[in-house]
């Protein structure tokens, strides 16, 4: 039997697949018939279907299958009016030995389209080239290196945007690139601004603007959730703590640190988005706009990709709470 | 010549007074006549009047008198249609020797009606009696003792409420007293709440809720102003930093510290008042209400005291942006 | 057969119980199978389950069972994946004779944890002790006595807080106690306020602040609903009417009555919460804060008690529209 | 010497005029020169000018002239860069005997362009013809007759719209006329609405919608101000009180009274405009729109009349807080 | 077999009917049983019911029946707990020949209660009589005539108000009538307003205020939807385009055209309702109020007609997002 | 006598200067002394001073000097407590002959720091290179060429940002450059977006986003003001008209034109900023962010340049309505 990924399976094809169980709900039909609704996924496809109580898997499903666990399934993939389903033939938990057949837990989670290692390297290269003053550069490097492993797999959000492994890194890199452009542009554009634009600080702020999300969000196989400190304090303040902690061991001058701290807590601009202060420096202003555009653009791409409404306009039931124009009318 | 306070002087009385110069503005009348408008104050009375350029003090005023400096004046106090004035006969800067005549810089600043030392002692007594767990108690004690000297003289705000020396302490003590009452009340009222109300945390939160103002506001003889970190970060986050710093040396359990940090940043409740999170614990809810009432009540008292509008209603031009009913119609 | 309360029944236990029928809906499954969904409750437990059309009770259920009627049931209590159910063996309407077996309609409604009579007595004692001027005291006493029977059983709201028999009295007493504390505190704190705080008025306002709810809400066995005048006029204005009516026969001075009327309509403070005027007197300010805290605290207690979300945080789908921190993470 | 009105005087003309003193302020120039700024008016013109302390009137002005008092002046009217002024030659208080020369206090106040008596009569005629059910008709008649004298001279507001004697009556009549039209129109338009539109109630509501202003506003020669109950309770609730009081002696059915009360408190529609409830009946909806249009239209007329900004657009500093297009560009 | 309309059929009656198929959804019960849910309607009644896969119509339904197509059905009309249903005996598509039996596509769509031709004629008569200046009159006439066929059948909205064939015309006529009244009234009321009220412009604006809806909304048998330009640009701007296009061929003076354009884009007044400018002319103000009242009144009529909540108050789940008082309590 | 610019004059220096008269107000001191306050400016300095009525220029000033007229002055430049002044020795209107001495009206207006011609050329070069499809390119080119003369001198606003000659061009070019970067970036970043990002449309939208300002604002020597159509319609709609007019003669496909029109009216995003629709396409989203950042950044630069408040923070009285951090504390 071939080993495929779930995403590769064609309708009515039988194959072995490595999948993550994402959900198991005990439900009952209106006529009182009990069943379990179970979900399995790999990195890009998720299927969800019922196990009826007269299914041969009914008992095993109820007693043994556990969301958050990886399984090797032999199954036939079906598409019908009821959505995609799996006709399960065999099922067992993944073992260490499956690595030999190519199993890797990361293959069952949605992933950034970009290679995390390469993104991380690009980010550190930007730090190297763009943050001239050693203390600030060391501060950013130190935080990046400390959290390298987390950043390679962390999402940027639970649902809204870049909600996949490596999403935080992907978003951060994109914002940083835009900020490099904008910092160069506006520094040249207003050469007499006093004090002059601190281009290194713009870059440092771009890289660290969402860094607190490594503590705000907990990534688990079943999905991303808020940590207690994430819910009670929030990533902007947690990110500022990280900058302060790193600065305690590096000789960053007080005003630069203060400007960085301000940028981190002000980058969402509006109080109703959680920023206790609006951007009060040119550096904070630039990072806010680069960040906000990147998040909104990503959302719009996702809406255009996922919306199934016929016609030239999407539904307004999406993360943007508005219609998007698809065209082709 | 008797030494009086400025507040004690009767119309047309001549006396020696110790005063603080609060302002000096170089102005010109519409007809082009230049003059200086100068202000002097003691703890409860402030006068502001012109020094014309044909005054015998004109040159000395322009070249020597400096806002923020304490002076000994010999002067006649006048009240006229032009407001209260001083007819200056002699003027010199205060010297150390004036202490013998009763000079004390504090006598020239508005003061709390209550003795700062006694208020501070009451606060520490409450800590002693009401915060049972030693780590949390030590955390609060340590912060209070570290900032004792500042607290004895710090205001609670620039303008809005308790804007005078000792005002922060006065407001903090009042909020703490109310919180002691409310914590006892609601702990008794809902004995089965799970987890139970942390009465010690309510008291700790009440005492520390505005502690960040010692870094947010700078008190100077000429008036209170925002520091750079006050404007860019704000007292709620600065207060949380103080709690975290103190906790770093004391074995406070992680959840208690998290709840305290949350309380400090959430105590103003609304995002537009600067709280990035709403109160998400019963302890934070209590402190918010006790604090908000105390501030608003103080404002209403001040409006009733200061408003000069005739009739049963005050003007709406005040810190509350609304009319207050004085009655007696 | 033992007579138990519904709340006392253990799974699979059979017993006789007195219950209130709370709902009966005629539904049909997606496959076209008709059934009735019926609900029964006592003071603390409510169960809801289907009567299929092949049930022996099908005809009687359709033709005879009536929401709002009390029944004596013999039934087996079951807990299953479909929720709690009753396997009905016998059913008849309650008769007067059942009182001998302990039936009391109040036992089938959710109740305050406190004895209504004792709460009422405490409230009248506070009136006696705390409202010094006879006319105002008489006004409050007269309203309390006129509505005594209603107050002993009235809820404070349909859903939001204190939504149970005696809930209005429980909330009123709690607010009044806090107001007694705050009135004493602030009267002492600002002895020179002009006019001085009217402590009796604070207490009168606390007691009467929600009194209009006796006309705004109609309590019926099936649930609490808004009356026509409740929906069209609202409890704040209706409460003011009650105060004016009572005052018409008592010699309350005009300004005190006006201050009381203002307090009643202003106690929710914000226009979007229905107050046409903000609190414009110190007395109204105190009652607003005591009331708002008491309601919000009650809601938070209820959220902590009822929320079933796993982890340290509750869902945000609750009366507060926000997460509450439960901790224990 | 001819007796003219102030409005009739031509530049440099001398005449005798009856005027109301509207203001007297004791001021001082920047050079310390004291003077009084005094204001006098008749129904349509107001002048305001200084009495210098070397004026022959200086002493009499300071000691005797009193705002709110009517005077007979002999004066020359001047127009200059300093605005209109009066060169006072003689001045004495008005006496009863001046009535023979045509003095009437009303001639010194801004007046409705329409005859108050005629407006009142038209209003009562509409009641007669348009409110068919006797109890409701009597209720409205009774309130109108009770307040006839006040209505003939009362303004509709302090500043915003119809802020002149008879203004309340003028606004009420205009709203009522529109409501007669709209009630006929929509009753015919939706003949099957259930319950049918109560046309008499629309008219009653139109007539009484602002009636509470007779208690909310106090009209004095110096200007209109809010009464204590106006500020603390507001005209919508005070008007409802008047309707309830009148109904107490007339056999109005309960639902009609409730609908009328609702209409009175809901007619401003938005909570931020003081309505605790939105219009929940068709009758209330109609009165709201007729009222709001009439007020806004009057404001726009006034802005077009009073604004002095050159060009096709008015300033945005006016009661509408927006520009109005005058055109003619 | 008699030919009836669907609305005329009595329970259990068999008849031939001409109907429009409005929906066909492929669904599955929770037990996995597939079925189609189909909808048919005439002008006032709509029924929706399942075609089970064991129905004799199952195959034909799946393969042939098409929403948006007109059918002649022979069926028995049933009312049951499952709602109204049709027991289909025969079904075929409507043919041209059916016109002989009275078929007309319009009979299957909800219709204005008024005759479209008569409404259109009244509108053109108003133009004739009320718009005095030939260029403006021609502009309005030209737009009306160009879109006559569309106007006879266009709705005014998808859901909110006048959402039926002829609804745009019905709403436009009603608003225009009110505007004729108000223009006469206010022109007479403020004869000195400068510039004077342009009564012809009020009428032109009333007629054209929603004309852009002929391009914003696409009416199809299955329902009304937004066009691409409707969603991206909106009817106010599209209506202004129509006025500009028509004016290009008529000698309308520039200021009149500008005032008309402004009126069209400002008639919803609030930015959150899509008006980029508030009404800045008296003409725009009048049309806004007449329009807003007409829409809201229509909604309230519909809520009173359609709401099924027992008791004196409707639900708040309706187009007005508030309760409406039905009375009869 | 040397011919200098006003900006070049040193204190007490005498010179000949070409200036624009910007204001003349007839005022009076509080003591009744009449004078004229007059203003003159060149491109970067403006002075404003009194001409007393005993000045030798008093009569000529009153009768002859006219705001908006260019003058050649011989004067001594003074700086004093009263601000900068000119001691006028000679004054006459500028004549054609003065061109020989270097007079150019543009030298008296504030100017962009960049050469307008070069900016215009860069913009057209971008059009050439970046808008690939000929119809869209022609549309943009045609609008640019038609308005070339205006664009070389037009401001972007009255006060808020880029409020100087060439300001509209400067802002447009800056936004366009950012958009070129962002369009390339996001097109590469999301290569699979469907439909793909229309990079040419982003550039076209950037160039035209504010083009309607050439009709919204009227630039006059005395200052920039709104035109009638600017105030009543606004630049977003006027810009859309320009695009439509240009498209009428070019074969732009309907959907591209619709997307461009949408972008122009949606580019301010929020209804309260005048956009009737939010950005519903990726192209509109990009232009919105590039535009908003450029405007806000320019404002922040101006606040940092112009604010005179001592200390590390600016005042909050500025175009951003918030403090900006200057640092250097």
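Going by the order they are written in, the chains are A, B, C, D, E and F; count residues from 1 in each one.
Heads up, the rule we're going with is that a contact is a pair of C-beta atoms (placed from the backbone, for glycine too) under 8 Å apart; a residue touches a chain by one contact, two chains touch by 3 or more.
The structure presented is a predicted model; accordingly, all values stated were derived computationally and were not measured.
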item	value
Shared chain contacts [chain C and chain E, defined touch]	A, D
Other chains in touch with both chain A and chain E	C, F
Chain centre separation (chain C, chain D; CA means) in Å	46
Inter-chain centre distance, chain C versus chain F - centres from mean C-alpha coordinates, in Å	63
Sites on chain D at which at least two other chains make contact	29-31, 228, 231-232, 255, 259, 262, 280, 313, 323, 325, 327, 329
Every chain pair meeting the contact rule	A-B, A-C, A-E, A-F, B-C, B-D, B-F, C-D, C-E, D-E, D-F, E-F
Of all residues in chain F, those that touch chain B in their complex	29-31, 33, 50, 81-82, 311-313, 323, 325, 327, 329
Residues on chain E engaged by chain A in the complex (per definition of touch)	26, 28-32, 34, 225-228, 231-232
Touching residues on chain A, where the partner in the complex is chain B	228-229, 231-234, 236-237, 240-241, 244, 255, 258-259, 261-262, 265-266, 270-272, 274-277, 280
Interface residues, chain B side, partner chain C - complex	174, 177-178, 181-182, 185-186, 189-190, 192-195, 255, 259, 262, 278, 280-282, 285-286, 289, 292-293, 296-297, 300-301, 304-305, 313, 322-329
